């Protein structure tokens, strides 16, 4: 990220995703994103952070880190978790997740949704052995 | 701060105090603070952050750092700026600020307000030569 | 961490109506799930979840609703939802959950649909 | 950084009425100040600021209002404010600004007070 404007570290607990969503929503609103787009941004970030908390952390002692960069017409958000020591990020596993997704299932919609709602979506391992998810949202006008 | 839960770094620009206020408000609400108390918390933090931006930073390239710790019944917030190289935090200057405060003045109400609205209020220099303001809010019930 | 007034449980024409008072992210979804499990244990078969005060829902909360709807249907009951804001409808549509769970514009139309 | 619909300027009985559509922290206060300066340059003497959509105000915004009120009074005019939420009234009271600036419950009572 060329210019990281905002850094936000929270404990790996869904409780803290509530104020994070308020932060992101308010920021996107002040940046001039439309209501509909703000809802999309909040949902995508919620799904990504939920995965970081529920699948990418050993406990609530772990930290979830967000880096939010604001450039002309682009909002870029990087979510980092510390991982659980499991190698999950393989092409096979991702294809499997995609193939198994069904509207009838109670879970398994998070990655699908966040890919759908973002303009770019990138997932990779980070130095800590956790997962980095980097997404961007472009402004229409 | 024994247990720093949340770290939030923003560029020294009042623009970013808007999402910060949304974050703090949502957090305080989920912690169970009353509506009135949430407004007080938001105002105090707004005033402290405004001072960090307007008086404690050389430019918008500087960083304002917030550390928010959530313990049973206590919300503690530390706001740090990098300073401007000016030694301002003397007992004489603080007394002068207090003595000069008048409802008729357009400015000079920030420290007064944030002291009034917090349960504890502490100001000191930090290692960077800037100012640390540490405040706490206790829950009534 | 105080969780007050997250949802309200009412009854109308023998149907349990849950009115959600908060955004439905994972934090609140766990309470919603507990409430729904409780109703399942009590052999309730007709449930409506009114979402008119909800501004945000995520896939975890949608999953909780879909899961309970499926279990209720196995016993001849159902869970229907109503009064969704546009962005909530969008989330259900994107997931595809609007084909699995019945969505109504008003609480009344959800009641009469039972 | 888009700033749209922050405030609306109207006129009633020869009085300029500014309706604020956003919270009044330092970010929006600079726009408020610019708007008020513009009115001062245009020799406007009667101004009402309606705050009914404002949920938060800080000392910078209060200061901007107090400053302009003082300057308008020097020319026989005034700036009055109306429709404050409880926490806004509290902020004006704590600062002491409610002794320097006239506060009204409704826009109508502010208008008739001129």
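Annotations for the structure displayed:
First chain written, first letter: the chains are A, B, C and D, and each begins at residue 1.
To be clear about the criterion, a residue touches a chain if its C-beta (ideal position, glycine included) is under 8 Å from a C-beta of that chain, and two chains touch if they have at least 3 such contacts.
Small disclaimer: the values here were computed from a predicted structure and weren't measured.
Where touching is counted per the definition, the chains common to chain A and chain D are B.
Set against the Cα centre of chain B, the chain with the most distant centre is C. Chain centres here are Cα means. That of chain B falls 25 Å from that of chain D. Each chain gets one centre point, the mean of its Cα atoms, and the points for chain A and chain B are 29 Å apart. With centres defined as mean CA coordinates, chain C is found 41 Å away from chain B.
For chain A, the set of residues touching two or more other chains reads 15, 18, 21, 30.
Residue positions of chain D with contacts to 2 or more other chains are 1, 27. Of all the residues in chain B, the ones that touch chain D in their complex are 14-15, 17-18, 21, 35-36, 39-40, 42-43, 46-47, 50, 53-54, 102-107, 109-110, 112-113, 116-117.
By the touch criterion given at the top, residues 5-11, 15-16, 18-27, 30 of chain A touch chain B in their complex.
The part of chain C that touches chain A in the complex is made up of residues 1, 23, 25-27, 30, 56, 58-60, 62-64, 66-67, 70, 86-87, 90-91, 94-97, 99-100.
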